[in-house]
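Since the structure comes first, as structure tokens, the remarks are kept for the end.
Chain nomenclature is as follows: A, B and C, assigned in order of appearance, with residue numbering initiated at 1 for each chain independently.
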């Protein structure tokens, strides 16, 4: 009897030990490939999130950020897609840009190249107008666009990005037509807007939050109002069903082992509820909206379909 | 006569002008695939290069006709080609074998080939340069240099 | 606002914060002085590292490096004709001939004093005039910026050198290189041949290192007998003895400072354009323009004042509007972001201690420059260049590789640099001038992008380019620059003819 208990205990200990061996991931530093230079929005997100992921992975896990800048994040994300799926290489992922690039050029990856870990940031689009334009409500803007199709110039950060898709959605919803002026990045677009060189802009809320006195903010493309500008009504409140934004998250190469996925997803979920993390993200102007696993995959797929539809109708290059 | 004519075509400026015309024409081909507005500036520059190179070619040939002897580009072409080959070799070695091994070899190698052969001086200089690079970039700033593609896969 | 400025001062004198500026200035001078290593590269390597530092320590380091590197770039520009940073190209024009004549030490002293003056002027502009100057930036939309770029390109005609045909070939080459990458509007590929690495265009540092550093290195190896720079040629003397010889430069200093500050607040152009323009204007104003390019100390003063005067002012649009005035300011903006400092009008309200402290650090960086740069440059660096030529050459080769590799962390750029090096060597030997290539690369695509944005805003109507006063003033200036010299010559000739009668 005693022997039996001993045996049982031994067996139990062995199972525990085996379980521990499996659960030992990560046993070496995890490399986080960021497709942009140090100091960019995506880089700051990755570096802000890294210590929290380390904390929730536990066991002395360590994340090392590696910047692989170039070609709007393409070089970095291609490196992630081709990396060994062992959980020691993960990367940042931007939507809809990363999916749009698989449509408008030959990319070294597609939507099935990744294990989708977690989307962390959802930065909704806002429509702003310059103070000089006098278009201080959505109604006035749409009326002006209808009166002279194409007369309103819209500054944005690039073609084939979230702001471009937002404009195309807006044009479809309101049967209007605008002239797109794609600057190199959102800061120059915002500056041209402040100088009155373009009439309207589609930007992201984090980019205009500290410029609320210099610009007319007309609406935000979310379901509920954003914490960054609580007084700003959503488009839904104004009768336009426009929901769109720029998203940033983390992916790993496709074919990651189940247990590693579970462990990483768990860490991201715990991180999402950490008030310290939320504060750190708010300080760096990153609106957090964590979506993990299959939901994230679905989100990517939906955005791919949207981008593809837009591309079929109005190719941008 | 033929010798003289060949010499005229081998003048450095003439060769450069011909090379530029060929290269610019080659780059002109992909501009046809671009939208007109995208092609405008590059095509203008390439056509500019072709026209200017043609002018250069004509003026150089006039000089040749006037009997002016072209100055040789280098007094020691062997050394120039050797130096350039060593530099390219160093870059390739860094890529394949890694930054540190290649650097440890290249500093004394280049110095010795081109005339500085004091063994002590070479060892000290190499140690100081590689050491401070490691200390500042690798140790201080955790910058990664190529580790060598041969060892990685 | 000015009380915030004073409140921020005590913090700046905190031991760690002040030490950071000192270390930054020294590191900047060293980085700038190393051919191949640039300020952009140094700060981008530093940014991830500063994540764990106190904001003012991190920013102090960056302010110091920026100031130091803009001067440090002059050291190899004067002694070896290799500009250490893109902005030091114009310094080679007169600095190198001076060194050849045995006045290298004086050239460096002119450079350090001018750099310091430009930096101080710029820091004051940043501290006292940031909000009004950011309003000036707002005046410049795509149409106006296009004209600024054209104005800059027009100054190429002064850089053509002996043969206009060769100079124009250089310029066309530079502009052509600038269009490689993705189309500024549509994002479609131009001459990238499916290389993702080319999609963002070719970094100025890659071209500069290839064109400017590789040919001299090959020269160092080609004629190995002499040593780098002999000490007697340097003409070193204490800086207070050199100062009286610079008293005639005050006009150039003021002009250079104003040009540098102005170029700094316009996004995109950067220090090289400031230095070129200041050099041209100073030469135009000079009583003996024929001496320029032959070793005129005032030429060094003009270039070095302007390239330091755009350092702090480039941060004006960066801090207030989020648009950096230079590549270095762009990297520094990243450094600010890392510390949770979002550019915009709120920045000055929310984080006055850090922002104004940072401005003070710029000022102290500029002042420290003259103290640290004066002795450091003439004593240690010049001696470093005294190494046996083959050894010096091989060390520069290693530095070139590190500098170019570190920009994006890829060997592709190194190979590209070597390609430009081969081109540069041929150009050097056949006396094709290099400055038009640099200016063409910086301004070519920049002009195109803004032209096409302006045309989009005008819905295809070219009239949009002439629609407001700022544009028209710039057009007039450009015409004056192109036609002016010829006109002046004709008037002088006519006068001469009259007196001869």
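Some observations on this one:
Heads up, the rule we're going with is that a residue touches a chain if its C-beta (ideal position, glycine included) is under 8 Å from a C-beta of that chain, and two chains touch if they have at least 3 such contacts.
Here the structure is a predicted model, which means the values were calculated and not measured.
Viewed as a network of touching protein chains, the structure reduces to a simple linear path.
Ranked by distance of CA centroids from subunit B, the top chain is A. Look at where the CA atoms of subunit A average out and do the same for subunit B: the two points lie 42 Å apart. A straight line joining the Cα centres of subunit A and subunit C is 36 Å long. Look at where the CA atoms of subunit B average out and do the same for subunit C: the two points lie 24 Å apart. For subunit A, the set of residues touching two or more other chains is empty.
Among the residues of subunit C, those in touch with two or more other chains are 183, 185-186, 188, 409. The set of subunit B residues that touch two or more partner chains comprises 144. Touching subunit C in their complex are the following residues of subunit B: 12-13, 16, 20, 27, 30, 34-35, 37-38, 41-42, 45-46, 48-49, 52-53, 55-56, 59, 73-76, 79-80, 83-84, 87-88, 90-91, 94-95, 99, 103, 106-107, 109-116, 121-122, 125, 129, 133, 137, 140-146. Those residues of subunit C lying in contact with subunit B across their complex are 45-46, 49, 165-166, 168-169, 172-173, 175-176, 179, 183, 185-186, 188, 190-191, 214, 217-218, 221-225, 387-391, 393-395, 397-398, 401-402, 405-406, 409, 411, 414-415, 418, 421-422, 425-426, 429-430, 444-445, 448, 452.
Touching subunit C in their complex are the following residues of subunit A: 37-41, 43-44, 47, 65, 67-72, 74-75, 78, 104-106, 150, 153, 158-160, 179-184, 187-188, 190-192, 194-198, 207, 209-211, 213-214, 283-285, 316-317.
Subunit C meets subunit A in the complex at residues 44, 47-48, 51, 137-143, 182-189, 194, 196-197, 199-200, 267, 317, 321-323, 331, 333-338, 340, 342-347, 408-410, 449, 453, 456-457, 459.
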